[in-house]
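For reference, the structure I am asking about is given below.
Chains: A, B, C and D, in written order; residue numbering restarts at 1 for each.
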Amino acid sequence: MLSFENDYSCAAAPEILAALNETQAEQFPGYGSDRLCASAKARIRTACDAPDADVWFLVGGTQTNQTVIDAITPPYAGVIAATSGHVNVHEAGAIEASGHKVLTLPQHNGRIDADELDRYCATFYADANYEHMVFPGAVYISQCTEYGTMYAKAELERIADVAHRHGMPLFVDGARLGYALTAKGNDVSLADLARIADVFYIGGTKVGALFGEAVVFTHHGSLSNTPRHFLTLIKQHGALLAKGWLLGLQFDTLFTDDLYLRIARRANVAAERIREALTDRGYTLTFDAPTNQIFITVDKATRARLESRVRLGFMEQADADHDVIRICTSWSTTDEQVDQLLDLL
Amino acid sequence: MLSFENDYSCAAAPEILAALNETQAEQFPGYGSDRLCASAKARIRTACDAPDADVWFLVGGTQTNQTVIDAITPPYAGVIAATSGHVNVHEAGAIEASGHKVLTLPQHNGRIDADELDRYCATFYADANYEHMVFPGAVYISQCTEYGTMYAKAELERIADVAHRHGMPLFVDGARLGYALTAKGNDVSLADLARIADVFYIGGTKVGALFGEAVVFTHHGSLSNTPRHFLTLIKQHGALLAKGWLLGLQFDTLFTDDLYLRIARRANVAAERIREALTDRGYTLTFDAPTNQIFITVDKATRARLESRVRLGFMEQADADHDVIRICTSWSTTDEQVDQLLDLL
Amino acid sequence: MLSFENDYSCAAAPEILAALNETQAEQFPGYGSDRLCASAKARIRTACDAPDADVWFLVGGTQTNQTVIDAITPPYAGVIAATSGHVNVHEAGAIEASGHKVLTLPQHNGRIDADELDRYCATFYADANYEHMVFPGAVYISQCTEYGTMYAKAELERIADVAHRHGMPLFVDGARLGYALTAKGNDVSLADLARIADVFYIGGTKVGALFGEAVVFTHHGSLSNTPRHFLTLIKQHGALLAKGWLLGLQFDTLFTDDLYLRIARRANVAAERIREALTDRGYTLTFDAPTNQIFITVDKATRARLESRVRLGFMEQADADHDVIRICTSWSTTDEQVDQLLDLL
Amino acid sequence: MLSFENDYSCAAAPEILAALNETQAEQFPGYGSDRLCASAKARIRTACDAPDADVWFLVGGTQTNQTVIDAITPPYAGVIAATSGHVNVHEAGAIEASGHKVLTLPQHNGRIDADELDRYCATFYADANYEHMVFPGAVYISQCTEYGTMYAKAELERIADVAHRHGMPLFVDGARLGYALTAKGNDVSLADLARIADVFYIGGTKVGALFGEAVVFTHHGSLSNTPRHFLTLIKQHGALLAKGWLLGLQFDTLFTDDLYLRIARRANVAAERIREALTDRGYTLTFDAPTNQIFITVDKATRARLESRVRLGFMEQADADHDVIRICTSWSTTDEQVDQLLDLL
């Protein structure tokens, strides 16, 4: 059946499989100490215009969030996230399992607000009992968000500013970063992100890799902010891949000739076509979002009709009569698949 | 200075100190395996009309919440609590430090609502992605609540019913249980609690003991619901008192001749006098609550005036011009102290 | 440079890459709910002669050990392992990070002894203070062991018997299981393992897969011993692969036409040639072991000479003048590589 | 029955009960922010000749070990202890429950050896795979040890020196510190300890208090080594006593007129009498130790005879025919009790 269920349903960009096929007979040292990881890191530093950034490769998103947040959040503190943040909702308690509370802020179409963040911290420190409470210790946001929306550069700068004023690093979950970087209206480049955030990751799993997330600690060298013995922390979280070069190979390929951006853009173009069709035909877009995830609020009959012909994601019940469902394009979505979908709408 | 700051500012009921003085020369075996603990447990079982209940003594409230919740909540699950619940707000992340998320429901004057609890669970299990989420694994409520309010018996029964229907035990934090049991309008006895809840504790620290909380697992014997090797779990949480008989001695005394209820009642009587005076003089009571904690919403000038003459607790800013402050009576509050306070209001 | 450094230095068996290339355009549902996982599970159940076994796929060894041990070990208990066990030495504290102590038994060429295990438990329960101690809660062994040695079937049965008598499940780390199954003198089949152990895993990362470990809970169906909501526990440990079918694809391929055993056997044949040459030339084999890891005790000069020509693993200093180094063959070792190595010895 | 079972079987020194009786009507602020805690801290700083030391009061030993070790040991590290160390054997896995491995060194009559500590660390950092292992992150020793033995000042200095050279703080468990400070042959004063160790605690529970341990971080002021937000960490571990002044009151009393040392000395004098009698009568002392714990190796018949007349502690089976049992004196042991015991031996 036609599927617009998610952006991780196909294997990988052909360039990655080609690179994999080519290295089949080669022997690599383990755990990321290989030439492909070195090359991929160099390319990512260049793409981020951050020659001192420290780059690490992990396998998946929840794993990366758990490992990074546990490493950057003090033991007396929690991590601030939107109520809709992936770490708060869809990671089976991975953050709490490593000992930290997720402190929530209201979500505004998936985004947190810098003023509300500031007020949260001000209220916390003004509370006479704050030493009996969980300190705000780090800020987690997603770009693009779980609802497909994005932060503008000025918003990111304000959030980072507030976070830093209250002694917190800003961590950006970029599981779908490619789709944000290439969305219409986006004004945040990789270099901006490396300048503004303290740590972020470039998602591979959902943007053309078999798997893999590239974590970037942005203040390396004399200002390194990589947690001490981070390799050991990765290992302790069960997140160190023996054949680390497989991650290096994929990111080396994705960051050659802008492959990462080129394939991500495809998903946005496809989403744009679908959004236009949906609007033309009177569908209700749940969020005003420019990336590869389209949420629509439909009645039960429409949902049933669509789901009988195409695999989609169910998000939540909107009210007794309506559901929110997701149409998700990806780097692998073809024009033909979009045509087929448009025929069904 | 006069103090109505909290209910744990005085040492202990004279009867407890007397008992302590009397046992000064006696040698007891350690860790709760002594005659005083045995006697206290028997008295508590009788008071609860629960001959098969399993009773344990711990030192403090946060410690008890952490140890019990960690023991009764499955590893894939969190504990449901009101947003205002002590475990959610004022325990420095003790629950999360032991690996469990606190899943919050709206608070209604400190209480959760059985229907909202039901809806929360129904929504959870209806979510196509629930296996990626934190399961609801136990329900935590406080009697009386953090705002001095109480659950009626019928409400407790409904909450227990919903909890059990979704496979969760109901845990009642009774840090201030004495004040609930003796409040005007209360219809919940210890026996009711032992029948309705799966585990609860009888607070000593705030009701006349030097320290100590008596945990009651209500289905002992052939139906025991005490977590396996609970003594070891207590030890592992750093919560096993070497001189366990000190806890036995205190609860044995508190449950002799109804001392626990008698001293708790005193605090409610004092609070009642204060509430009447406050109402007479036009103060705004923040909550309609019958126990020993009185919250008033006052303007800044009133707050400053009061705090210059009596130690009170600050709760939170109500708005730009008003604060919520707490007047707390206790088992040790004297008529003279109340008189002095009324002169100041 | 020639490398006998480890058994995870090459990508994957050609059959796996071929399968991957073929599915490039196909869309799969996520998280292991796909046809390839279903097929791979069926093949593994057949290979184990265990129609009711419950099979799960994880990415790496440390991750699998952490997730399984945390799930099968009670909260008041630790996991018993040889002092040389991977979980005790080389997992950066992953077991302790999830809250469990590793309780160690002496290693005998990498193996634990059933009688010592029995004595350990008997001594534990005979200790008057055992409730203040960490209970023995699960038994961890490796087949083949970290030193390349193996357990005979009768030994495994005795260990399982002792474990069960003391209420513990037996967990077998099979990161290199293929090399044990195909070693000279081995008498333990997959079906034996599924009958004897409570849970074990079939290592892919070191035996021809890009990555992946297949966990087998052996008493499924009415006797299922899979931990409750194991999918959620996997997710919580950051171990749930989005593109789960990549794991299914690999194990489906490995368990087609005995590929897993065929490629594993190759490593043992190569190791056998090397061991014979080493013996002929007077080298000291550190352990008497029949699988793909060969440890030799050499003087510093010999070590330096060898390491200048071939990448090997360093294990430890034997004494002031001697080191133990490892020559590791793998499923990908060629006759030419062995020839080259023999020229260098 | 006569009891020499342990040193925590009696309530508290009469001076402490007297002080408690006197403060019965007084109201104190909570959580240690009271005048008695302030006074006790000042007295302890004076006794330690450490005007900048930072003093905290906790309730019990396991709780203190768990809270301090978790706070001073980096997340990628474990704590080094003797195999016989309390944290390794008798705390039900409290250290591992907070995420840290206990790394063991051989015990020599309960003590670790500075050279072995040095070798352990040197070997660790020389291991090519050390980043996959648990770092040595802190050193835990007990003074006196679990076997009643002591470290001489020169040994402590060497251990501290080695620990610091490898970047680790030295933590001294002083649950029975009073008995060490007043033992025959002791050359380590409180001031020495405050100079040599990074953090230690002065045990109250086993030396005359109802309960309580005073933790001393020794480099306060501009060199403070107190973990950040330590109050919050205490709370998070369930270890913050609401009526903190009860701890202040006890330590204030114990450190007035040298009460702590005076009552501790009594236990040693009693133990000395018993040891002499034991030697005279041909008993085998298991350890050569000068403090209040006496271990004797006896045959089964002797053990049975003694235990029928006096409560003693069982330590372990020495061999098939012999057991090690403990005779423990305390601050409360009277001459009459010793006379009675000598009659029984």
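Convention: contacts are C-beta pairs under 8 Å (C-beta built on N, C-alpha and C of every residue); 3 or more make two chains touch, one makes a residue touch a chain.
Chain labels with UniProt names: A, B, C, D = Aminotransferase class I/II-fold pyridoxal phosphate-dependent enzyme.
Keep in mind it's a predicted model, so treat the numbers as computed, not measured.
Undergrad: Based on CA centres, what chain would you say lies at the far end from chain A?
TA: D
Undergrad: If you tally contacting C-beta pairs, which pair wins, B-D or A-D?
TA: B-D
Undergrad: Could you put a whole-Å number on the gap between the CA centroids of chain C and chain D?
TA: Distance between chain centres: 42 Å.
Undergrad: On a C-alpha centroid basis, what's the spacing between chain A and chain D, in Å?
TA: Here the centre of chain D sits 49 Å away from the centre of chain A.
Undergrad: In whole angstrom, what separates the CA-based centres of chain B and chain D?
TA: Those two chain centres are 33 Å apart.
Undergrad: Can you tell me which residues of chain B touch two or more of the remaining chains?
TA: Where chain B meets two or more other chains at a single residue, that happens at 76, 91-93, 97, 99, 131-133, 232-233, 235-236, 240.
Undergrad: Looking at the complex, which residues from chain C come into contact with chain D?
TA: Residues of chain C touching chain D: 76, 78, 89-93, 96-97, 99-102, 123, 126-129, 131-134, 313-314, 316-317.
Undergrad: Taking the touch rule as given, give the residues of chain B at its contact with chain D in the complex, in rising order.
TA: 3, 5-6, 8-12, 14, 17, 20-21, 23-30, 59-67, 91-94, 97-98, 205-206, 210-211, 232-233, 235-243, 246, 311
Undergrad: Looking at the complex, which residues from chain B come into contact with chain C?
TA: 70-71, 74-76, 99, 131-133, 135, 228-229, 231-233, 235-236, 240
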